[in-house]
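Paired with subunit B in one complex and with subunit C in the other, subunit A is shared by the two complexes that follow.
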Partner chain A sequence: MRRASVRGGLVVTGLMVVTVFLWSTPFLWTLVASFRPDNSGGIHMASLLPDYTPTLANFIEALESGDFAVYYLNTAIVAFGILAVQIVTISLAGYAFARLEFPGRDVIFYVFLLQLMLVPPILIVPNLRMIVDLGLYNTLLGVMLPYFASAFGTFLMRQTFRQIPRDFEEAATIDGARWWQVLWHVLLPMAKPGLVAFSLVSLMAHWNEFLWPLMVLNEPSKQTLTVGLASFALGTEGGKEWGLLAAGTLLVMLPLLALFAVFQRQFINSFMFSGLKG
Partner chain B sequence: MRWFHSLAAAAAVATLAPAIAAAQTKIDFFFPVPVDGKLAKELQRLTKVYNDSQKDVAVTPVYAGNYDDAKLKAQAAAAAGKPPAVALMSANYILDLKIAGDIISLEPMLKAEGTTREKFLSDFWPALHANATVDGELYGIPYQNSTPLLYYNKDQFKEVGLDPEKPPQTWAELVADAKKLTKDGRWGFQLAGGYDYIGWLMQTLVMTNGGRFFNEEYGGEVYYDTASTLGAAQFVEDLVFKHKVMQQGVLDGGAVSTNFLAGKVSMMLLSTGSLSFIRENMKSAYGVGFVPKNVRNAVPIGGGSLVMFKGLSEEQKQAGWKFMKWLTTAETLGGWSRFTGYFAPRKSSYDLPEMKDFIAKNPDAKVALDQLPYAKPWTATYQTVAVRKALDDEMQAVLNGKKKAPQAVKDAQKAADALLKPYDDQTALKLP
Partner chain C sequence: MRPRWARRTWPYLLLAPSLLLLAAFTYLPIVRVAWESFYDKPHGAPASLFVGLRNYSDLFADKAFTQAVINNLVYAVGTVPASMALALLFALALQRSGRVNAVMRALLLFPSMVPLVAAASLFFFIFLPGVGLFDYYLGKLGLHGFNWLGDPDVALWSLVGITVWKNAGYYMLFYLAGLQTLPGDVLEAATIDGANGWQRLRHIIVPLLAPTTSFVLVIALINVLTQVDHVIVLTKGGPSNSTKLVLYYIFEQAHENFAYGRAAAASVISVSVLLAVSLVSLKTMERGAHAAG
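Take a look at the complex of A and B:
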């Protein structure tokens, strides 16, 4: 009996190792390729094994082909700026849809959700027109503005708030708390797992976004990372400098990776907390 | 007291500066980078040289993704009221952009200078004229151009007993050489099969097969279901499935050049735009040759031209025109050609001493230049991208072994005709 369960555990572990390996192959290849000295081709290029003396040449070339310090700063401003405003708007909107009673609430909510069905490229021209009218063309604020409200975030917060038993709020209300005090001191702390999950999705999406920043921004000093990376990744008529591409890709994803590594415990805890509660 | 003078001078400069800035016309220059990231830096540097050279115009260099992104960005910006005064667009988009009413004719600028289109274009290679003009008016100035080229590995030619100085001249020789070169782990020949690229190379094969591929004079017709196109499509199918000298499946340009550098492909058909890259990275000896022919020597041009979007003020138009002219002097175009590997669209660029030195040092660039007299316009129609993709899709199916060539060209023609119909109805089929 015991031996069978040990064997079962081994099989599961084995399967997990294989899955993890498959999932991490692209990342491993990127890592290996970025330190490879001969970056342009050669049969070794496809290898997952570091069969060479590592070099930083690719990273140096990538860093030289763009002003990465500026790109990092701009991307951070955009991604974290959007998130900061979103947290306020989705909490308030989510609270309104979850708790307040007003005529047409559900209809408005579903209309709001329709936004999720729209393909973003359709909105490029109308959004850009509005950005120009507001005098925000070629500014980081112009990149951020359309994302200040989030249908997905509002939906997520509404669902999260609705799962919290009303008893907590009623207790607070009896103690004399106003609606915003209830929201701040009672609901938001309990909705932390939802907020953390949303933050992760939002940060990833806006860190990696390409098309919209490309449309709004003109000056090189205002470019974001993805646009900077694209300047050496999109070549079709030339050859592919795989090592350079790999190094550039790593540079773009590094901060997010570091962020996740540092906050890994919190992320996983928050998901576990949400799991227990549900 | 001296400090007071310099302070006063500084104050005077500070108060005057805004006045100078106000008189300066600000324009945007949108450019894609289809070859290499270093080019984006070089274009920014060139723009800075221009900005520093004069005080009337301040140009903002704007990197705009690949050719398709750049078109989308320029059109969106124009629709939002911020049109670029100068934009580098794929040369085959010009007709489509004109039909859509996005770009403006450059004839008024020519007229103001007392010159004509014929005079202005006379220094540009003849093959470039058609893609720069629409309905007899100038809409684009050629800036960076390419043609397809045959690249081959000389060491591997020697290894199988072929003369390394004699690349194949005809389709028959290509097949014979490729068969000798193909062995375990190595293919004799490869052409790029990615979107856009396969369409361009198909036009190349059709032209060397005697065909025209599209109507150079009218944007509402393509010739996919014809003997010359069928022959080219069948040739591609045979290379893979009958002669077995080319890998089955779709390889994009980057993958093909990587295989060539790695010695896994002995010959490849790729753009002259890859020449600098191959020169810098190839370890074995390599050579280049004309695209092999079946009926005649012919290649389409590729690359990009400078255009002006509509919605600009009169000052911005003048400023854009000035910058365009600066970017397309024989000197600037020659320098850009040496930096990128594109050929210079002006013939006179090649009379410059630094260009003569360059050609003497790089015989492969000479072959690309010698092929130019055989160059012809690039496919440009109403809805160019979609019409091209109609054939791209079918050819990819052929490369994957999912379709036979005769069916593929029929289906491509049908899809293209459907796309062209709205334009045909408005033009050739609109009868009194």
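Take a look at the complex of A and C:
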């Protein structure tokens, strides 16, 4: 029986190796195609074998043709700008839900929870009109504003704060600390795992977002990476410049994959905790 | 000590920034979109007119909309069970720790890390007839591919494929977490009693994972209603409306046809479906998030 289960384990591993290889072929192709010189593709453009001398030409051309520097900057402003404000709003709200008693707390908490499901893409039509009314159409602030509060972040901070024993705060309060000093110097440092988890999820959600910035921004100089990539992809399709497309796509994915490589464990934990993005 | 009124109001002050933003960008928009779904602004008219339920009757009379609803149902049936079943299988196969399994888990997770737009632009090439990745290797096996994105009978299923590819690894994470909470002694007892792998899966593992499954189901259903980036990049709803999903229809009406009344009516229907899903699952969400945390 033991021998049979060892053999079974090997079969499962073998099947998974094949599956994972097939699952990864889109990325493998991107990698191989992006370093492929222009003249070595042709009919074998789809080949997964790097049977050529690698070149950076595709990356250089993508960076020159696609205003990627501007897109990177805009995306960074959006993603980090949202995160910075969110950290303030979710810390305050999370603290209130975790530590304070007040009438209506449960009802308000459900108002937050329900928002977890009413994800913004479904409200693009009225939200766009709101942004127009506020005079923020075609601005990065208009892209960011709807995300400055986060029900998920509030929920996460509430859970995190609740796991911290009250003794620490009481000691600080006896020493004469004000509530915001307690929050800043005692609770937030201890809530770091929760904050890191939230930051990763939030950064990724807004780095990847497409539909909303597509609707709010209408000038090339204001576009984010995803919007830029979409028009870039449509452009390269006409010219059949697949190596260029692969290089451009890789440039968009690279920061995320690098972040994932560094924070792999935190990523996995935070995603399992979150379920919902942003 | 601070005065009593200050102590009373300051919890609300801490919540005010969040509540204000939630009101402005979630709850008021719902009211507003419901309101606007009863109005229409004919071409050249100076102001919107109250039209009652006409936007709704127009909506259901529009073949493109009913097609979008049907497409969305097919898309849900195509993506949700397949990606969840694969997620569970992946989790079962890779649940043991070890370096090889860790690498394989990370590779399966990669697709969910990248923007849907990036995935879509890769599949531009992968689905390319003749020289694309699929057809190139199918050709080596002596097989013929389809016109993946150009054939109205196939295109929606190509998008289903992208979605399953992208989401299965993500859902796997939840099943991995769920599997860790299973009581080992129950499984061991079942094994000693002679239950084979399939019996253990069917009668013990799957029922015990029910909370995880309902949690993942909610996320998967939300994704079905809210993700259309790949439609925008790859097919624009075509060919002949075969890949038009409801959110894409809304986007098109509002952004390209400037038919706000109709876009509003379609939004109201989407939001209602999402609200129904949420109300049913609020409890599940809370439980699932606790279990996963």
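Definition applied: the second predicted complex is superposed on the first by the 201 of 278 C-alpha atoms of A that agree within 3 Å, B and C clash if a C-alpha of one lies under 4 Å from a C-alpha of the other, contacts with A are read in each partner's own complex, and residues count from 1 in each chain.
By definition in this document, a contact is a pair of C-beta atoms (placed from the backbone, for glycine too) under 8 Å apart; a residue touches a chain by one contact, two chains touch by 3 or more.
For clarity, every value in this text was computed on a predicted model and none was experimentally measured.
In the superposed model, A:125 makes contact with both subunit B and subunit C.
More subunit A residues lie in contact with C than with the other chain of the pair subunit B and subunit C. Legend: residue contacts after superposition of the two complexes on their common chain; A:69 is shown touching neither subunit B nor subunit C. In the superposed model, A:242 makes contact with both subunit B and subunit C.
Look at A:93: by the touch rule set out above, it reaches subunit C but stays clear of subunit B.
With both structures placed on the common chain, the touch criterion links A:230 to subunit B and to subunit C. Residue contacts after overlaying the shared chain place A:20 against subunit C, while subunit B stays out of touching range. In the superposition on chain A, contact of A:174 is made with neither subunit B nor subunit C.
Contact with neither subunit B nor subunit C is seen for A:107 once the two complexes are overlaid on the shared chain. Within the superposed three-chain model, A:151 lies in touch with subunit C and out of touch with subunit B [touch as defined at top]. Shared contact residues of subunit A with subunit B and subunit C: 43, 45, 124-125, 128-129, 210-211, 214-215, 230, 232-234, 237, 242. The part of subunit A that touches subunit C in the complex is made up of residues 8, 12-13, 15-17, 19-20, 23-27, 29-30, 33, 43-48, 88-90, 92-93, 95-96, 100, 102, 105, 108, 110-130, 145-146, 148-151, 154-155, 159, 204, 207-211, 214-215, 225-226, 229-230, 232-234, 237, 242, 245-246, 248-249, 252-253, 256-257, 260, 264, 267-268, 271-273, 275-276. On the side of subunit C, the complex with subunit A involves touching residues 8, 11-12, 14-15, 17-22, 24-30, 32-33, 36, 90, 93-94, 100, 104, 106-111, 113-126, 131-133, 135-137, 165, 169-170, 173-174, 176-177, 197, 215, 218-219, 222, 225-229, 232-233, 247, 250-251, 254-255, 260, 263-264, 267, 270-271, 274-275, 277-278, 281-282, 285-286, 288-289, 292-293. Subunit A makes touch with subunit B in their complex at residues 40-43, 45, 65-66, 124-125, 128-129, 131-132, 137, 210-211, 214-215, 218-220, 223, 227, 230-242, 244. Taken in their complex, subunit B has these residues touching subunit A: 28, 32-38, 40-41, 44, 60-66, 69, 72-73, 76-77, 79-82, 146, 194, 196-197, 252-255, 257-264, 271, 273-274, 276-278, 280-281, 302, 341.
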